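Below is one structure. I have some questions about it.
Lettered A, B, C, D and E in written order, each chain numbered from 1.
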Amino acid sequence: MFLQDLAFWVIAVVAVGAAVGVVVVRDLFRAALLLALVFVAVAGFFVLMSAEFLAVVQVLIYVGAISILFIFAVMLTQDVRQGNLPNRLQIPAVVLPALLLAAMVFTIFSTDWTPIPEPQRGLADLVQTQSVGPVENPALQRAGITDPAQQSEVQSAGLADLLLGKFVLPFEIVSVLLLAALIGALALARGRQGAG
Amino acid sequence: MSLEAMLIIAALLFCIGLYGALARSNVIAVLMSIELMFNGVNLTFVALARYVAPAAIQESIASVLTGQVFAVFVITVAAAEIALGLGIVFAMYRSNGTVDLTQVAEMRN
Amino acid sequence: MTLHDLYLVSPQVALAGLGILVILLDLCVRRKALVQGLAIIGLVAPVALGLAQFIDLEQSGVANLVPAASILSDSLAVDRFSLFVGLLVLIAAAVVFLSATDYLDRIDRHQGEFFGLALFAATGMTLLVGATDLITIYISLELTSLPLAALGAFLLTPKSSEAGMKFLIVGAISSAVMLYGMALIFGASGSVTLEGIAAAVNVSAGSGLPFGGYAMLLGVALVVVGFGFKLSAVPFQMWVPDVYEGGPTPVIAFLSVASKAAAFGLALRFFYQAFPGAELEWGVLLAVLAAASMTVGNLVAIAQYNIKRLLGYSTIAHAGYILIGVAAVAQDSATSGFAAIGPASVLFYLGAYTAANLVAFGAVTVIGSRIDSDRIDDYAGMVRRSPILAIALALALIALIGVPPTGVFIAKIYVFTAAFNGGLAWLVVLGVVNSVVSAYYYLRVLRVMFLQEPPTPLEKIPVSVSSQAALVIVGAAVIWLGVAPGPVLNAAEAAVAVLLGG
Amino acid sequence: MLTGFSGLLTATVFLPAAGGLVILLAVRGDRNIRWAAALVALADLVLALAVFVVFDRSEDAARFQLVDRLFWISSDTVNASYFLGVDGLSVPLVLLTGLLGFCAVLASWHVNFRLKEYFFWLLLLQTAVMGVFTSLDLLLFFLFWELELVPMYLLIATWGTGRREYSAMKFLIFTILGGASMLVAVVAVFISPAAGTFDLVELLESGSWLAGSGGAVLPLAVLFWFFFAAFAIKLPTWPVHTWLPDAHTDAPTAASVMLAGVMLKMGGYGLLRINVGLFPEQVQLFAWALMALGVISVLYGAVVTIRQTDLKRLIAYSSVSHMGLVLVGIASVGVATGEVTATGLNGAAMQLFTHGTITGLLFLGVGLIYERTHTRHIPDLGGLANRMPLVTVAFLIAGFASLGLPGLSGFVSEILVFFGAFAAFSWPTVLAVLGIILAAGYILWMLQRTMFGPRREQYDHLSDANFVEAVPLVLMVAAIVIVGVYPAVLTDVFDLGLEPLVSAINQTASLSPVAGR
Amino acid sequence: MVAEGLVWAIFLLPLASFLVISLVIRPFFNRYAILSGLLLILCLSVSFLLSIYVLWQHNQGATLDYAPHRWLDLGPATIDLGLLMDPVTAVMLVVVTGVSLMVQIYSLGYMKGDAGFCRYYAYMSLFSASMLGLVLSSNVVQLYAFWELVGISSYLLIGFWHHRPAAAAAAKKAFIVTRVGDVGFLIAIIYLFFRADDFAAAGLNALHIPDIWQAAQPVAAGGAGILAGIALVWVCLGIFAAAAGKSGQFPLHTWLPDAMEGPTPVSALIHAATMVAAGVFLVARFFPVFQESQQAMTVVALVGAFTALMAATMGLVMNDIKRVLAYSTISQLGYMMAALGLGAFGPALFHLFTHAFFKALLFLGSGSVNHATGTFNMRYMGGLARYMPWTYAMMLIGALSLVGVAPLAGFWSKDEILASAWLTGGPLAANARLLVFAMLVLAVVLTAIYSFRMIFLTFHGNFRGGGQHEIADARLTPSPAPDSVSEEVHLAESPRVMVAPMLFLAFATVVVGYLVNPQWVKSFLGIPKHWITEYVSAALPYGHPVLPDFSFGMALISTVLAVSGIGVAALLYLVRRPASSAPTADPLERAGLVHTLLSQKYYLDALYDDLVARRWFYARLVAAVDRLDRILDSFVDLLGRETSRAGRVVSLAQTGQVQLYGTIIVLGSIIILAVYLFAGAGG
């Protein structure tokens, strides 16, 4: 557990520090790199929270795609880059998020979160950790799940099952959304009328 | 490591992102900050999924994955949003010749 | 996913498919009129499917076509409510497409993408009004916003890009904020479905806090930000005038009616189904937003010189009026027959407002594309340059004031009745005072068009047949809704039954 | 529930609008347009006369007659009907509208641009006013009430003179403000569980909707004042009268005639029909306030009138003064002891009719003068009596009627108002009576300086009214004289409409603690 | 029994004449304008004959009770159109139709060739009809209606030459000043209606005049006792206010001299004989009510007497012959009022009767003079006796009658009033009665002086140039000559059509005193002693003070006073006058301040017009209210301006800076949160 805590705090420091860097450094290129670092750190959190699949997705999409996009964008607009100057809204931009943060922190501490009850704790761990594919029997047995009904339940509780089952509609919508974003980006990239 | 710690880190990320979104003048930096906010949200989702009992936990153990599912969708949408956002940034860059939001304020009262 | 599930989402599938088809057709043919034609005629398919679902509803007698066993049961509802608003969206799309004719030569080469994106956005809207879980809501919301952002920047002119960028950034910030709120709601309730949230709120009621707890409270407050952005309610409205001014007019037309209708549908369903026991809390919040929207929208509109900006502020103001209906929860619904009047008035108002605003934007679209200006001063003597445009615009503006015999008049009566029923008499008074203020700026446009001399030499403004048809049909609808509102009223009342313990 | 469909009222109400539409779409040529409009208006006058004649005055006749009722909006929550009908209160006003509508069309003979539109709006206006007087459904009433806005606005702003756009906008804002206030009240009445209907007849006759103020969503007193605000603006009463002088001054003749002649009457009609009819208790309770406003309007209007140098402004302010009498008449219900009688209300109703004809005639006269001399500035006028004897005579008669000369209609309404109000508020009534001295002052001063005085050379070429111009003058003079000589022709009809209101008031007074005042 | 229709015809014939002239002759036969005059004369002749017939019948004891016709039903009371045929009415009918007939005949000549000939006769018809309607009315509202119609006819006739600004202004002034009084009447009527329920309880109609009489009588005297105490006083004073306005009683007399701007026959008929007497008639009509209030009677008597005296003083210094006559009229009306106040009902009406004839005669005479000289200004007359002997003779008769010299009509009637004042005094307290008497007696002297000043200035001495000379003089001064002055001077007797009516009136002036009211014999030509005073007194169903018999002492005193007055006038204007060189000089001017005060009419006109009307009312009150109106108006504009300014201010936030928009969103959400949290924490 100590190692876990240590890892958590290390990642936390890295994540927050890098995030602050993203919004503070003048050089956009460095900001983009720091952003990638934040993404990686968040992926680390995911791992810590047994969301391995998400961690993978995070790395693939955020670090692998989005960061690259940002870097491209930064480079393409290099010629007009006046640096990443702050605008004139510094005071409200600090005060308001700070207030919001205070509210969030207050909420986080004053809320009586319902913990996962003990009988299901183990199952939940298992389901979350093994979220990608079917859970293998040995793992089940290690977790002390012997009831066949429970076993099959756990086995059927995969992210993929959810995405194609209970959440199939948003899944389908996302596909349309991606298509729309693609087409939109393409259409915007076509250039001015007459110019191309 | 606890739920509260995790949530606070997430909230911090979110608010730092929010600050950046409000206070940076370069549109790319603003988009980056918005990504920070999404990451904060995702952390929150996953942490909640990890530590907080879903209402339907008695009926279906799979419901403990709901937060993660949400996070998956958020990541995807964020990607789409950034793709389109950068498209618009390029369009703006070409037509207005700048990526500085303080200079893109032609329309006002 | 069974065949029946597919049937349940068939209108949306048809819409998205139509979007793809239009883009493909654009790649294949040179005659751009065909693209437009397909986009318009193709809309028949989703409309027909929606009507089929409606008939199905009537015959089966169930409130929601989605059976509990369906895998869609957590995500989607196909009921009269979603069909009503969905149909409104589709009609708006059709009308916008029809009246866009005169505008299309500006986006000559990418009409396919233009219509395609609009159709994708429409898909999002139709899903939005049926969505019953937070994830679907979020995704649909994004599907509504993102294509519109792209469309906003579609002209690639400085103003247009600026409009698209503003829409995107403000939208992204508010959707991130909303998302955090959703996360909190999810955390507090342990559920993403509206039903589950409602159950959690009921369980936690009695804590003395609004919505039963701090997390839920903060969650709702932040979700309201996202909704407010879509509703263009104060204080989330700041993007509206700039985007309206810079965006392509047909897109703005679509944005101002369809997107708004969907957002109100969403807001109604969200609040009524997820927080049925907490009306007092969100009712007051929305009432305050309504008051602020009406007042700010109308006040600032007075100072506008650009017709699109003016209509932008007008849309903010009308968001305020409609919000009255959302906020007007029947105080004692058990005793009176007026339990449904709040949401029903919202639906009717949306219908009437859609008609009036479509006419206004239709006329502005044509005028703007012909005289290449949206300045109100350039509308001088419009009645001589094109009587039909002037009369149509005048009718729309009069309707927007809420003068009989137009639909918005009945709608206002209806909304105000609801407000009284909800104990919001002060809001009614504020609302009527705002109507007076609004008359001032609407009529200024009227005055310019009818009373000022046109520039010499007099240049007539040609209007395409399709635009004329759109203006005449929707203009007739504006009056029809004012003279014989019965059918639509009945439909609206039937539609909202599902929100109230349906 | 009253049902039926006789069609006469529907025809009366919609004939002008329909005719206007036909003119707009189908008639070509200035001459034809004018005659077509005149024909339509004449036909409507005949219909209005028919309504007046057909109306059954016998003892056991129904209170509301010639009912036209169709279902309009029927949903689970909102129910409203297309419901027209007349009672004794509205019948004379329908006639007045028909009469003035016709005169207004004839007074528009010289309008020379955008004729079609002009007559369309004018005729639409007539439909709106007719609708207000005949609607028996609150929602329909409000609909017609608002329908008049745009036509009037455009008539003033397009065909007016001077600062016409400013005046038109002012008119509009005030009227909309009033409408807004009424809208609140209409909706509140409807939503009140004890009412739950827009059906005026039901509301008037059941009276039960008032039982217990808990039955309304707003206190009845508040509703009363919301309604009152709308009608007071229209009437107009001090201090919300300031739109009237501007609107009148800058409106074209026909619009002035309609505005002063019938549209102000909508305010008075509303007060009688709704404030008195639906709020028998409140109107008694607040009679003192009505009286105060009325007396202030009478005196204030008269005093300001004296200072006016613009002919139309002068008449406009005199209207403020004269319409104040309507309030004074209505305040007669505030008697401290004893039964309320219909005298004061009848006076108020009569004042509506008589002021309509008198001021209509005055504006016609001013129109003719302005058309010929191109000025309304009183110091620039004078000596017109020689050149325009017919106009002078009409103007004189209108002026005399306006200052309450017996034998002409104004006297009847004034004396009825005073008779009625004195019983309730003696000293304020005496103050209001003093207004007639002021009236004599400004009317005679105006006559002296416009019509009389030495001949002026620049006016030597002026001609008297021609046939088309003379017809409305003669009609109005006839109306003024007939009513003045034999007022029972109207008062008997008004009584039929007012008696039920009075008995309702007496009934509530005997039931409620107010009676003890 | 006289058929009701015949009585109505007296009123309806002139009305018909009005309608025919205005609707037929004026529009279609204006070229034959003379028709209008003939028509009215015809109608009036018939009316006159009918009036005499009615009077005769009534005197024979015929009952003339006619049921009224409902005009307007007002619940407890009704407004009726009815005929109140009592002796007062019968006498008034004869006076009005008779004098009117004469004036109309005279007008044929006087108005000949005037462009407004038809209009003139139309107005005259209207006036005659209204005046007849007034005296016939049985309902108080009906009476008020005709009262106002008479006023408007007077307005129209004073302003007949409307192109003359002075005439138009005088007409307006006449109407407004009388209306001030009318308001009192109206309020009295309103008060009566207010008591209608009480009336109805006693079976009376609150607006029916005989019923009002009854209501005013105490129950003990067989009345209804409804009107009593202070209410009774106020009702009386209200009615008296109107009477004072119409009859030119102080302080509402100022309009009457100005009213002389109208054509002279109009002055003769309306402002001498009939309309101005309507005030007296009104008080007489309500005499049974007045009688019950000592206060009201005292007021009436004092005001009447004071008016008689004050008007006479002003008559002394006027140069305009018609104005002299006008003040004389006011003065004489004062006598009548005073008589009524003294309870001398019969003498008052008798004086009204005689005054109508001799004052009409004097006015017609002044018109005749004007016809010859082109002016009314006596300073430019003189010596006319030579040129117009008939006119001179008749004016002399009129003047003597006015002064009250022995055998003429004026003597008899005035004498009765003085005798009443001295001997009985009716309900008045003794000192009030003596005051009244003193003023009346003093006025007799003044009457003699001004009357003969007029005669001497006009007819004696040398001719001073007439209108021509006046216009020439006016050119030397900044103020132009009045519009009524004309250059045409033809010193000759007036045409016969003008002289004949004067002859008739002069004849009446001589004989009428005997014909209707022989006092010192038992009967004259079968007419009983005190016939008219007793006859009219019979109109009072509730009794009246006893009338004194003829008193030689009083007759002697008044004659001496009159003759001495004439002597003074002769001294001033006959004996000393020719010595003065300036033709326009007046010996009275030597009175200095007193003369100024009198010729400025005690500055009452100035007080009313300049101070009250202009400075206080118009410049202060009206201006202040007008300013208030502007403020109200600007308040509306201000509201509009501020609203749009608020809009602009709010719109300043729209800077175009997109992140500001985001900031505002966040701010908004934080505010929402804060409110929720506080509200939540608070409960």
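Miscellaneous remarks
Convention: a residue touches a chain if its C-beta (ideal position, glycine included) is under 8 Å from a C-beta of that chain, and two chains touch if they have at least 3 such contacts.
Since this is a predicted model, take the numbers as computed values, not measurements.
Of all chains, the one whose mean C-alpha position sits at the greatest distance from that of subunit D is A. Chain-level centrality, scored on Cα centres against the all-protein Cα centre, points to D.
Taking each chain's centre as the mean of its C-alpha atoms, the one that lies farthest from the centre of subunit E is A. By the count of C-beta pairs in contact, the leading chain pair is A-B. For this pair, subunit B with subunit D, the centres built from the Cα atoms lie 64 Å apart. Measuring from the averaged C-alpha position of subunit B to that of subunit C gives a distance of 26 Å. Spacing of subunit B relative to subunit E, judged by their CA centroids, is 97 angstrom. Taking each chain's centre as the average of its CA atoms, subunit A and subunit C sit 32 Å apart.
Counting partner chains per residue, subunit A shows two or more touched chains at residues 87, 89, 92-93, 96-97, 100, 103-104, 108, 113-114, 166-167, 170, 174, 177, 180-181, 184-186, 188, 191-192.
In subunit C, the positions touching at least two other chains are 135, 138-139, 142, 146, 149-150, 153, 156, 164-165, 169, 173, 177, 180, 184, 187, 190, 217-218, 241-242, 300, 303-304, 440. Under the contact definition stated at the top, the residues of subunit B that touch 2 or more other chains are 14, 17-18, 21-23, 30-31, 48, 52-53, 57, 66, 69, 73, 77, 80-81, 84, 87-89, 91, 94-95, 101-102, 104-109. Pairs of chains that satisfy the touch definition comprise A-B, A-C, A-E, B-C, B-E, C-D, C-E, D-E. Against subunit A, the residues of subunit C that register as touching in their complex are 1, 9, 16, 19-20, 23, 71-72, 74-76, 106-110, 113-114, 116-117, 120-121, 123-124, 127, 135-136, 138-140, 142-143, 146-147, 149-151, 153-154, 156, 164, 180, 184, 187-188, 190, 213-215, 217-218. Against subunit E, the residues of subunit A that register as touching in their complex are 87, 89, 92-93, 96-97, 99-100, 103.
For subunit B in complex with subunit E, the residues that touch the partner chain are 18, 21-23, 30, 101-102, 104-109. Interface residues of subunit B facing subunit C in the complex, by the touch rule stated above, are 14, 17-18, 21-22, 27, 30-31, 34, 37-38, 40-41, 44-45, 48, 52-57, 66-67, 69-70, 73-74, 77, 80-81, 84-85, 87-89, 91-92, 94-96, 101, 104-109.
Here subunit C touches subunit E in the complex through residues 165-166, 169-170, 173-174, 177, 208-210, 217-218, 221-222, 224-225, 228-229, 234-236, 238-239, 241-242, 281, 285, 296, 298-304, 437, 440, going by the rule given at the top.
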